[in-house]
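So that you can tell them apart, the chains are marked A, B, C and D in the order they are listed, and the count of residues begins at 1 in each.
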Amino acid sequence: MGITFIDFPWAIALILLPLTGGLSCFLWPSVSKILGLVTVIGVMLSATGLGWLVIDKGVYHYLVGGWGAPLGIELYVDGLSLLMLMVTALVALGVSIYSIHYFELSYQRRFWPLWLFLLTALNALFLSADIFNLYVTLELMGLAAVALATLTGSHDAFTAAMRYLLATLLGSLAFLFGVVLLYHSFGSLDIAVLSERFESNITAWAAFGLISAGLVLKTALFPMHFWLPPAHANAPAPVSAVLSALVVKASFYILLRLWLEIFSQLDTDVDILFGFLGSIAIIWGSLQALRQTRIKLLVAYSTVAQVGYLFLAFPLAEKVGVTAWSAAVYLILSHALAKSAMFLAAGNLLRFGGHDRIADLDRVAQRLPITVAAFALAGVSIMGLPPSGGFISKWLLLQSALVQSQWGLVGVMLIGGVLAAAYIFKVLGRAFTQAPLPHEPGVVPATMEWAALLLAGGAILLGFFASEILAIIEIGSPFGAGEVKL
Amino acid sequence: MNWNAWIPLLVVASSLLPGLIIFRLPEERVRTRITLNLIGAFLKLVLVGWMLWGVYQGQHFETRLALLPDLDLVLRAGPLSLIFVSLSTVLWLVTTVYAIGYLENSPHRSRFFGFFSLCVTATVGIALSGNLITFLIFYELLTLSTYPLIVHRGTEEARRAGQTYLAYTIFGGALLLLATVWLYTLTGSLEFTPRGFIHGLGEEHRTALIIIFALFITGFGVKAALVPLHGWLPQAMIAPAPVSALLHAVAVVKAGAFGIIRVVYDVFGIESAAELGVMSPLAWLAAVTIIYGSLRALFQNDLKRRLAFSTISQVSYITLGVAIAGPIATIGGVVHLVHQGIMKITLFFCAGNLAETLGIHKISEMNGVGHRMPWTMAAFTVGALGMIGVPPIAGFVSKWYLGLGALEVGEGWVMFVLAGSSLLNAAYFLPILHRIWFRKQTAAWPHEHNFGNKETAWALLLPPVVTALMALAAGLVASAPFSPLEWAQLIAQREFYQP
Amino acid sequence: MNTVFLYALVGIGLFCLGLFALIVQAHLLRKILAINIMGSGVFLILVALARRTEGGIPDPVPHAMVITGIVVAVSATALALVMILKVTESSGQPEFPDEESK
Amino acid sequence: MSNEIYNIFLGFVVAWPLLLTIPALHTRLPWPCFWAIFPAAVLMILPGEAFVAPSWFLFGTGLGVNSEARWILAMTVIVWSMTVAVVKFSSEQTYNFRTPFFFLTLAGNLGAVLATDLVVFVCASTLMGYSFYGLLLQRRNESSYQAGKIYLIFLIIADLTLFDALLLAAFETDDLRFESVRQAMTSTADTSITYLWLVLIGFGLKAGVWPFHLWLIETFKYSSWPARLLLGSVPVAVGLLGIVRWAPLGGATYYIPGLIYQGLGIVALLYIIIRAFSRIQITEIPAWTIVAVTGLCNVALGVGLAYPSLWHKYQYLVYPLIALTGVFTMFLSYGLSRTKDESISSTHRSSLNMFKAWSENWAGLMQQRKQNIKTRFVLLWGTVVLKFKFLHCFQKWGIAPGVLEQQLQYWPNAITLFLILVIVVALSVFL
């Protein structure tokens, strides 16, 4: 029994389940709520099964339909992709529970299919082992995300989503261009094969430039973040959560993968450029967040800042690769949980007060304690305060920066942390006070509150299982072996 | 099964779990909340007593959980830890009783007691930390869990005080994080070791070490309210009295002072720190804080603000004792950790009683209040005289060892600081005592509550009287076994004399 | 200079043209067209470069890729067109608000 | 009586009045004040010597009684019983709020008398000093407040001085009993001079030795009868006792301090004689007498300091002398109380006015200074704010990030930046 159970093609299930789920939701909109929830639970179970498999047996390969490269599709799971899949499943679960009561009926039928398609795209993206599949999934993800972002139906939402769509299409096209150039030069799409054949020539440079820039645009690194804050702030809360937590991370994941496997062979200073832009993103994003008067915009700008931290790993990885990359991955995980929790909490506040103006929050700490707790716990992780996943990643990042005496980056991280505290407590401080103009509170269902708390709790719990999770990252040594660990 | 490995964790959990449960309790379940609180407090007391006894007999209590691949979360009961743990445990029990009385019928008690328990958890965690990262974790937890208590009243003023508090502490925390990580990259260890663990580093790291030390002191100095990082403390007095009493007089500022002790003794080691030449600036900083705090206290008319500035001044005695860097001064500094806590909590309890029973907040309103509330004011008198250093109250013992320690290492100037500070203490406390006992009541009390023929509620009266008696006892039977002084001597012995 | 290379250059030209239009054209429909032209440029390159050796059998993979790409592009365009309608409906003009004055 | 019980009784003598401080106890007991003194009286007549020093108490210090201490003890008992008999503290009304201070002062006094080492002496005499303040203010009027304030200031300075002396002693020797401190101080010359001066000044302040006699005169004039009766015994005699106990008398030769002290004593006497001819009021007589007696004692002590051999010879006279001082001044005051009662406060105000003017001036000056400092702070802050007024420009600058952000979100700019990024990344490989 155990053997057959473990041999179940979990990876395929991860793609097919949400796909069929999404289609069925589309076909039977009246039961979409139940279908969607069941699907997401199935995805969660599959991710767990896959995790069990990978932890038990190491790196996982799967040839879809028995066809290998170049024509077949190959799935590949190592520690990095496993963690991405698991955090996706977790966030998906939280968001789905939240969405049960969030959307009105007419919106439920639009939300669930799109959301499950998005989940399909995400899972497929993390499972892909070749760059063209990465392109397809990236594009699918982008389209589903854009469609979801319009769900509020407001003018702002449409404009923001339009901008988002153009940006994401442009990014994908640049990426595709790069893929084409790579294929032309080296005759393969498989990442593993490419990494063997790769050599530095003018086509490779162009491909590198196009792919990096395309992905940077989709990851919303400063100054390419122009599309993110309006899109994330105007989307419905669960959608904002998914966009910030997962969609942005997916493109970063591709960048990380390609950088590690392929482009690391280029002798380049782009890592320093990335580090520089990341630093500016941290400061700029935090300052912008501090300026905002609306919670959702504040949280969205916070994402801009946090994305900056991810890019700090590039310059730091030069000498202490494993530590720096682990830090980045850890940050992806904890930020995914924390930021989704934060957006969900912001959604609750919006639902409760009918607005999300920070200055007009009315004693929400007493009236929505669980929501505020979720916001605060998520904030702890975002600020990088212990005990939380954010703290662990910040610790690792600081450590790798200090080992190399990168004082500039050290300073940026510290300032970023202080600024993060400033903007988070800007909200929390108002949670205790009375609003100048009291208003009729809306009803916030308990599931919505607890879903936010669940995710925030996850971000905090990540701070306690660092050694286990860092061990999982090492499966299949995605960051290369032989580097001296700290 | 080795129980000793779990006791430190249990000590931490004994306030964490009740706290978490209390968060979810409905407001009206007063009795359940009180029971939970008291069970936690007593359990913690018993466990700490057990550890005290065990450590006295040479047993080891250590909990070790993996945090990062090569860094553990360590909770360990050493003599230094225990002196702080015992202080916070005993005072938690007392303050819980007090808070129950103080907050009777006020809103949001579940939230208050929940965060209160969290604060105690953090404080105990700080005390028991066996390495710097554990310390840091609990230190930040303390910052976060104190914030809701400061803004508890939910007024605009409270919110602003909370923001100020955070501005200071988050900044301090960032510096601490930097210092800790930096030290870790240099030494590869963060484990608290008697006499420090930086000996192996060569001369080339000297500058780095000095900067790290400065970062630590600045980081901890925020909570220890060293001038010029003290600005948050007087503002934080907006919080309810039990919070000011336990947290701002004991837990939070002590956490900072305790951090300085840890860094000097168990991270750098006295000898290495002295070699780096960082001790005398620290001593001067402490001296300036002592005098400055006392001077500012003179000008306050708000009772709690005066006490707050007094705290700023008094807590620096601890730093001073550490910075003088002799065995006897160490005893003085460490024992003042306990003594100041007991005395200052007494004073804050009494201030709270005045506010709660009679609505008195200003010193100018205190004329003749001794006749109305003799017991409370007797406790206040003991606390105030102890702060001045009047024998045989606890403060005398600390000042004694500080002065003696300074003489021992030939730092005569400290005597003048002590004398000046005592004089100033007298100048701002004795007028209050005079008003209390010898002036006639001039106006009606601002908001008098009636408690029958008693001066105030039992739960409000008992805690200050108990702590005042403790302050007296700490001085009178200073040489008894298990007294704070004896423990401080044990600690100093470990730091200075044992190989 | 062989024909393959010429095709590739044309593809690059289309890509750049599309990009230029994407930047300077305010009308959203034009932006979508620009994106499509950029896509066509990429596909052209892909198909053109499929023939690796002179006279040899063309590599089938790029063709598969182009077909997939076209499907993706079509669906993206469809979505974009719907959204242009929505934007126009809500704001009255098919432009981004910040570009209106241009 | 076995030794154990004797020792416990010794502790009880001091602890008993302390216990009686609790209102619940002394309001229930008939004649509580007499009962408070009673154990001390018993101790006075008990034969033999005793010494008790439990190791847990303070720094392992204790109490004791021997023939020397018995003299002072006798004086204490007599003075206190007389006071009680005359004033009848708690018999006047059912509950007198000052009564606790009476017990506290008594306990402190007894403790100081029975002390065998520096620490207990300091503890007890401080307790006595601060609670005596309560007795001084029995009248609760402005002038007694002023007098009390002066007393308190002298007391604090004295205590601080003595604390420093105590630390010096503890620095030299671990054993703080009077005898060993005296020996330790004899062997270390340079510390002992400082120590001696600290002791002389500290106790000089406490005992109201000329020129520190200001508080003595004032408090005597403006306090009530019990305090007046106790004045000679409580602060003064204990202060003198302190000098005798603490100072390293009879050891090394302290020629210059001795000479100065003698000189002070003589000047004090001369001063009082001159004052006596000019403007001493009758009510001040006991106080001036006290100053004179302390002056005499100073001469004796000065001689003792300068000539240790003489000290050894006449040492035994000192304790009776101190005891007599206390009792004598008590009787003097008592006699005065019979002759002239409460009329002073209205008739002779010149001295009070002078003092009041001085003290109010002083207080006013402090007040003014406080104000000044405050205004100065405010002014300073104002200038700082003004200086940084240009910071307000930053509020306008505050929109700069917003504008910049808008520019970044402006589509053409964004895409151009994207293009630049592509080129930079590609070129960076090249470079």
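Rule of thumb we're sticking to: contacts are C-beta pairs under 8 Å (C-beta built on N, C-alpha and C of every residue); 3 or more make two chains touch, one makes a residue touch a chain.
Fair warning: this is a prediction, and the values are worked out from it, not measured in the lab.
K.L.:
Could you work out which chain's C-alpha centre is the most distant one from the centre of chain B?
P.N.:
Farthest by centroid: C.
K.L.:
If I average the C-alpha coordinates per chain and also across every protein chain shown, which chain's average lies closest to the global one?
P.N.:
Of the chains present, the most centrally placed is B.
K.L.:
So how far apart, in whole Å, are chain B and chain D when each is placed at the average of its C-alpha atoms?
P.N.:
The computed centroid separation for chain B versus chain D comes out at 29 Å.
K.L.:
Averaging over Cα atoms per chain, report the distance between chain A and chain D in Å.
P.N.:
Here chain A and chain D have centroids separated by 70 Å.
K.L.:
Would you mind pulling out the distance in Å between where the CA atoms of chain C average out and where those of chain D do?
P.N.:
94
K.L.:
Which chain C residues reach two or more other chains?
P.N.:
22, 96
K.L.:
Counting only residues that touch at least two other chains, what does the list for chain D look like?
P.N.:
409-411, 415
K.L.:
Got the chain A residues that touch at least 2 other chains?
P.N.:
163, 166, 170
K.L.:
Chain pairs in touch?
P.N.:
Between chains, contact exists in these pairs: A-B, A-C, A-D, B-D, C-D.
K.L.:
Enumerate the contact residues on chain A facing chain D in the complex.
P.N.:
Chain A reaches chain D through residues 163, 166-167, 170, 174, 200, 204-206, 208-210, 212-213, 216-217, 223-227, 229-230, 266-270, 273, 284, 287-288, 291.
K.L.:
Could you please specify the touching residues of chain B with respect to chain D in the complex?
P.N.:
298-299, 371, 374, 385, 388-392, 396, 399-400, 403-404, 407-408, 415, 419, 422-423, 426, 430, 434, 437-438, 440, 475-481, 483
K.L.:
Could you list, by residue number, the parts of chain B that touch chain A in their complex?
P.N.:
Residues 23, 66-70, 107-108, 111, 133, 136-137, 140-141, 143-144, 147-148, 151-152, 154-156, 158-159, 162-163, 166-167, 170-171, 173-175, 177-178, 181-182, 184-185.
K.L.:
Under the touch definition given earlier, write down the residues of chain A that touch chain B in their complex.
P.N.:
Interface residues on the chain A side: 363, 365-366, 369, 376, 380, 383-387, 391-392, 394-396, 398-399, 402-403, 410, 414, 417-418, 421-422, 425, 428-430, 432-434, 464, 466-467, 470-471, 485-486.
K.L.:
What does chain D use to touch chain A in their complex?
P.N.:
398, 401-402, 405, 408-411, 414-415, 417-418, 421-431
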